[in-house]
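Each in structure tokens, the structures are laid out below.
There are two complexes below, and they share chain A, which is joined by chain B in the first and by chain C in the second.
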Partner chain A sequence: MPSVTFDDVSVVYSSQTDTGRGKIAAVRGVSFTLPERGTLGIAGESGSGKSTLAMSVLRLLPRNATVSGRILLDDRNVLELSWGALRTVRWGEASVVFQGAMHSLNPVQRVGKQILEALELHAKNGYATATARQARMLELLGLVDLPGAKAEQYPHQLSGGQRQRVMIAMALACDPELIIADEPTTALDVIVQAQVLEVLANLVRERGLSLLMISHDLSVLGSVCDQIGVMYHGELVEIGPSADIIANPKHPHTQALAAAFPTIGDPASRFLPVSSKGTGAMPIVDTAGSGGTDAPAGAVMLAARQVSVAFHTSSGVLKAVDDVDLECREGEIVALVGQSGSGKTTLVRTLLGLQQPSRGEVLFRGQPLVRTTKGLKAYRRLVQLIPQDPSGALNPKHSVYDSVAEGIRIHRLPGDERERVARALTAAELTPPEEFFRAIPQELSGGQCQRVVIAGALALGPSFLVADEPVASLDASVRGEILALLLRLRRELGLGALIITHDLGLAWNIADRVMVMHEGRIVESGAVEDVLLNPQHAYTRRLLEAVPSTAGNARKTPGEARLSPPGWG
Partner chain B sequence: MTTVESDTVTQLSAPRPPSLRTTTRARRSERFVDGWHSFRQSKSGVAGLAFLLLVVLGACFAPWLAHESLLDVTLVDNDLNEPPSWENPLGTDPLGRSVLVMLLWGSRISLLVGVAATIMCMFLGTLIGILAGHFTGWRSAIVMRFIDFFLVLPSLVLAIVLSTVLQRGMWTIIIALGVTSWAGTARLVRAQTLTIEARSYIERSIALGASHRHIISRHVLPGVMPFIMASTTLTVGSAIIAESTLSFLGLGDPSQVSWGSMLKLSLDSGAATAGYWWFVLPPGLAIVAVVLAFTLVGRTIETMINPTLRAR
Partner chain C sequence: MSSIKPSESAAETVVKEDSEVRPSNSFWSYLGRKTGGASISLIMVVLLGFFAFRVLPGDPVTSLTKGKQVTATQLANLREIYGLDEPLWTQFGLYLSNLVTGNLGTSYTFRAPVATLIAEHLYPTLLLTSVAAALSISLGLWVGQRSIAKRGGWFDRASTAVALTLWSVPTFWLGLLLLMLLGGGLQLFPVGGMVTAGANYTGLAYVWDVTRHLALPVTTMVAVTYAQYMLVLRASLIDEMSADYLVTARAKGLRDDLVRRRHAVPNALLPTVTLVFMHIGGLIGGAVTVETVFSWPGLGYLTFQALTGPDLPLLQGTFVVFSVIVIIMNLAADLIYRALDPRVRLS
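Presenting the complex of A and B:
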């Protein structure tokens, strides 16, 4: 049973640049101890050095990384181990669950074979024969709640959650005593995330494993780990018991992380997304009237009437959207919540005229959508899309100016183009706008990219926004800023929005109404308070239960948290 | 005095570029300088480029370096098939003309045909490739079958047929090469177009109301351009070889000297079999050297676009 001790560990990456060899300190002087059978989570934003720190335990860093300090597994210094000794430590004693299971599994091999490979390479005495290994492989799949038949499938035939569980099974293959999990649930939706976390938590508890887990989401760490350390700019700024860190964070960065994921039902976070620029800088509640809940219900802007979208695939007809009715009013923020695969993106594409419905119709201001080239062009000026991944939504070769001016040029809007662009950038809180004109997307942070995308939409003077997971790929501290921006646009420009998300906390943060989508149908809709605090439909309840609670008491009993009827995940 | 001062102050407080077209141009020239810097890193690329410049200069100034009358059989008074000497450094051909002069004049036709055929091939290939990649469904299928048809067309046979239908000469060769070689480029461009069209900035553009034309000209074309550049330099080389082949088969203009027609003459007149190596080797080596130079430049541009190739 190893304990892991970090003693003044620093990691420096040297990279070749134009000006000679540049050095970037990714981790600076980090010291802490993960005790035997302990569970420790490391939280931090992208670029904080958390992954680098975790990978340094098994010396899995790229060649240009230089590690100093001491990393002790029990009393052996990992940095001084011989190659052979290191190899037996890898997988035999400590193993890794990598980030992004799709990329870490070989797409052309059956998953069972890939688990067997780990057994063959690191065969311990028990699994010398092929039949023993086969039996062990099936046992491993059982440990992560997967039926043995899944071993015969290829990675693309499994869902994201199943793939992640295969990764965990591989990590368990050689009975390691330490598991390092690098963002094991990122890119999974809440229900699947809850399942994967539960599998991990159970394994740690039942088998007495040590766990070092990395995430940007404090609530995820809180639901599995006893201790949490927070990293910021390569330094460990705070470490302590999970409940303490979450309940009363001391470092300002921890506070921002803790506040970024709101507790549903907490009135303090309603219409008040938290940003690192200061909590509650924009008290929207006061200006919106009593409690801010009664939305300014204007005329119906965007509506769908019995819309269905079916895709014809090789395995038959797939109904992505099934008989959906919805209404979005002027100046109203509506959240469309659902798991991945629930059809919410298809529904939004249909609303925007990017996808032809197989039945039903889309109405804009009471008029059916004109599907001619000209009609769509006019419509697309008024209803704007904010796509999922902001850095991908900007042409990497175009300057900020060109990206924002793109819509103005397409629609040949009159007036001074420069002034319109400057105004749009100012509205998206990129000030002074002149400084951003020449920048290209790679010079901007994710949050700034998202603001440029929003500015590009605002430049056309739209009357409604449709945002597809607007903050899913952003860091926690930026998330609040973007949400606050959406709220401010609503307040100042009366701009309504339909926001697709899998994050119920987001709906609690900014939406007036919420619609829950499940398998192509809208199963429940209503005011946010009604739906989230008093859910009627079983599926809504399941979604709410799956949200990891930041209160630190989320380690549910197995019976309560088991959310996996067959077919889920 | 005061005006100057206030001018500087405004410049400092608000760096207001005069117009955005100039900033775009400035960024472009900046990128060009950057590109040139990384191009210079490759010794082989620079060597190829230098050699090409030399050949192009020679071809351009051929009339001044060696007067056209030196190619007129009725005016030259050298011996036939004379081996290299101080007077004729590469000897003379079976008609008594200086091989060095012929080589110089031949480079004009070889380069012209190579470049013209490549431009035609790239223009057709890019246009049709982008159309095939941008449109989907039956429209794409029609374009793809069209590409497939030209892909299987044997260029040599087509060129021979064309030269019986059209006039024999340089333009026939250019058309024959252009028409038969664009299909491969089109497939490449189509694949590149597909990867660009999958990016989410294309969807954003459509949601902004962009037309097909806007998407192709603002997003797709600039995206595939670097690949076309690299592919162009590589294609010029093979076009020069193809030109030589066609001239060797006698499909070129007999009144004009090209490297391919020199080789044909050496075979027809028996120079190749009689051991007059000074007439056979120079055009052959010239073809190899120019094609190699184009390939070196093309590979260097390729590694600039795709830095992962650098280590290989």
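Presenting the complex of A and C:
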């Protein structure tokens, strides 16, 4: 059984640009030890160096990376192994569960064959014959609760969760002693995430494996790992037992990470999303108005009456949205929560007039949508969409000014264009706006891109916002800032919003009301406090159950109560 | 807690539904759709084949009788024989009904049925283009995947430079250069035709003779076409080399060349295959130039002769045959792509 020791490890990427050689230190002087059978989580935002650190264990970094220091598997320095010896260590002793199994499996090879390949390369432990390997492959699929028939399928035929299970099966193939999991559940639904984490955690525990797990989500790490280390700008800023890190984070960055995944039911995080600038740095709502339930009940802005959307596919009729009624009032923030495939995106497309409902109607200010080109154009000015991935939503060739001004030009809004753009950027907290006019999306951070998108929506003077997973692709520290911005827009401009999300914590953070969607129907809706603290529908309870938290871990495995932090929740 | 257990399996079924294979996407319905598309292209080609050549300048009867003393009556007589005095729509109707029976008309210049002429010239063209295509594809793909083994190494840089140079060279110029140097000057290869005139070789001697005649035209065609295959494969390999599943393959302990050959190349081949088959049409088009330079007795040379006429029935005939070949090749590309890419096959 190997232990992993990092001894003053640094990784430098050298890049050649037009201006000469650049050197970027991705990891700086990291030291820690993962004991045998230990489980260690590394947390951090994108760019913190956590993935680089994980990949350096098997020397999987790109060629322009230089690693210094010592990385010991037991007592062998990985950095000094010959290529042949290294290839034996790879997968034989340590294997990797990669991020986003969509891209980590070869798209043109059957998944069974990809598992077999690992067995063929490291033909040990009696998997010398083809039949033995075939049997082992099926056994592996069984371990991760997949039927053997899945071996004959290609990656694109499997769902995200199934692909990640295949990845785990593949990682276990050659009985490794160490598993490195790099964001194993990112991009998975909360329920699927819980299932995958459970499979991984159980296998690691039963087989006494060592686990090094990377994630941006402290609660995911907390539910699986004994220890958590936090990386920030390439340095390991904090390391300790999971419970301590989550309950009493010392480093400000750890505090921001912890706050990004609020505890549902914790009044401190209600209407108070936290940014990396520190807890309470931005008082969002004055205490008098912070009561969520007595939110301003304005006139009904957007409503759906018995809306159904059915798609005719070759395999029959698929009811994506089934008899949905909803109302969003002026100045109200409503969260629409559901798994992928629940029909929430179709519902939103219908509300925006992008999809014709097969039954029922969409009302705006009490009037049915005018489905002419002109009517829809006017409607879409008033109800603005904030899409999920800001870097994808902005044209990479357009400057910030052009991106924001485009809508103004399309709708031929009166007044000075420059002034309107500047006002919109200021409202989206990009100040001073003139400094951003000429920037292109590539030069902006993810959070700034999302602000540009929001500015583009605000420039048209909308009366309602529809946001599709507005913070799902953003880092933890930026998440709070964007949510705070949405709250400020509501307070200052009276802008209501319908927010589509799979993240119940987000609903707890900023929404007045929450609607839970499942298989095309809205199964439960009501004030956030009522629904999330006292769920009535079984599906809502299951969603809440799946939210990873240290408390949840303690509930599932009572034997590990030590992970439950004192006074939590 | 207990109320949650039964619904656990419900989530599983939701997940499984996503991955259900749609049964209707069978091979036959795919083939049907693609063949339908190809048939529509074919009909358009037939229509275009007739009208496009009617727009060509030059009166066929005048050019037929060039240099001869003919009276106006004789000209009118000729027009009647070839049906050129009829209104355009009657000519078109005749063209269609003849096409159905396989009658492509009679060549003005050769005074022989077009169908027979095309049949005679088809084999040399197929021989030339298939040999050239096979060599060009193999060379392009081999050099392409070899060059990426060490990106920026001497082989990569040299092969890219050579490929780009040859790609930029005009076909006729390279052909004439080879013809003059290796054919005329050094007399290593025959300068034209497919067989040595007068020598009635049989068996192996015939094969050897044809091979010697093939050498220069094939070299010309390969030189100007292989670069595309090489560069496209190289570019898509460079894209694929940064793909996540290659890190998985490396992490499994595969040697670098196996990572490339087993995982990167099958994926990088996908865009290349599409290009290869799309380009076979261009290859046949290029055959017109090469065959003319080397007097190769194929369809390209025949087209060249028909153009100088203009010999309308012959032009129509070669145009339709060339188009049919291209359409069939595109159909083949679709089918091969489907075989190579499970996402097209099953999604």
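Everything that follows uses one rule, which is that the second predicted complex is superposed on the first by the 540 of 569 C-alpha atoms of A that agree within 3 Å, B and C clash if a C-alpha of one lies under 4 Å from a C-alpha of the other, contacts with A are read in each partner's own complex, and residues count from 1 in each chain.
Heads up, the rule we're going with is that a residue touches a chain if its C-beta (ideal position, glycine included) is under 8 Å from a C-beta of that chain, and two chains touch if they have at least 3 such contacts.
Every value quoted in this text rests on a predicted model; they were computed, and no experiment measured them.
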Partner chain(s) touched by A:Gly341 [first = chain B, second = chain C, both, neither]: second
Chain B versus chain C as contact partner of A:Gln384, first or second or both or neither: first
Which superposed partner A:Phe6 touches (first chain B, second chain C, both, neither): neither
Contacts of A:Phe364 with chain B and chain C, given as first, second, both or neither: neither
Touched partner set for A:Gly456, first chain B, second chain C, both or neither: first
Chain B versus chain C as contact partner of A:Arg438, first or second or both or neither: first
First, second, both or neither for A:Thr373, with chain B first and chain C second: first
Touching partner for A:Gly407 - first (chain B), second (chain C), both, neither: first
Complex contact set, residues of chain A against chain C: 55, 58, 60, 87-92, 95-96, 98-100, 103-110, 117-118, 121-122, 153-154, 156-159, 161-162, 170, 191-192, 195, 313-315, 339, 341, 519, 538-539, 541-542, 545
Residue ranges of chain A touching chain B (in the complex, touch as defined): 352, 354, 373, 376-378, 380-381, 384-385, 387-389, 392-395, 397, 399, 401-402, 406-407, 410-411, 418, 432, 434, 437-438, 453, 456-457, 460
Contact set on chain C toward chain A in their complex: 3-4, 7-8, 11, 14-25, 243-245, 247-255, 262-263, 266-267, 270, 340-343, 346-347
In the complex with chain A, residue positions of chain B that touch it: 14-17, 20, 23-24, 27, 199-201, 203-211, 214, 218-219, 222-223
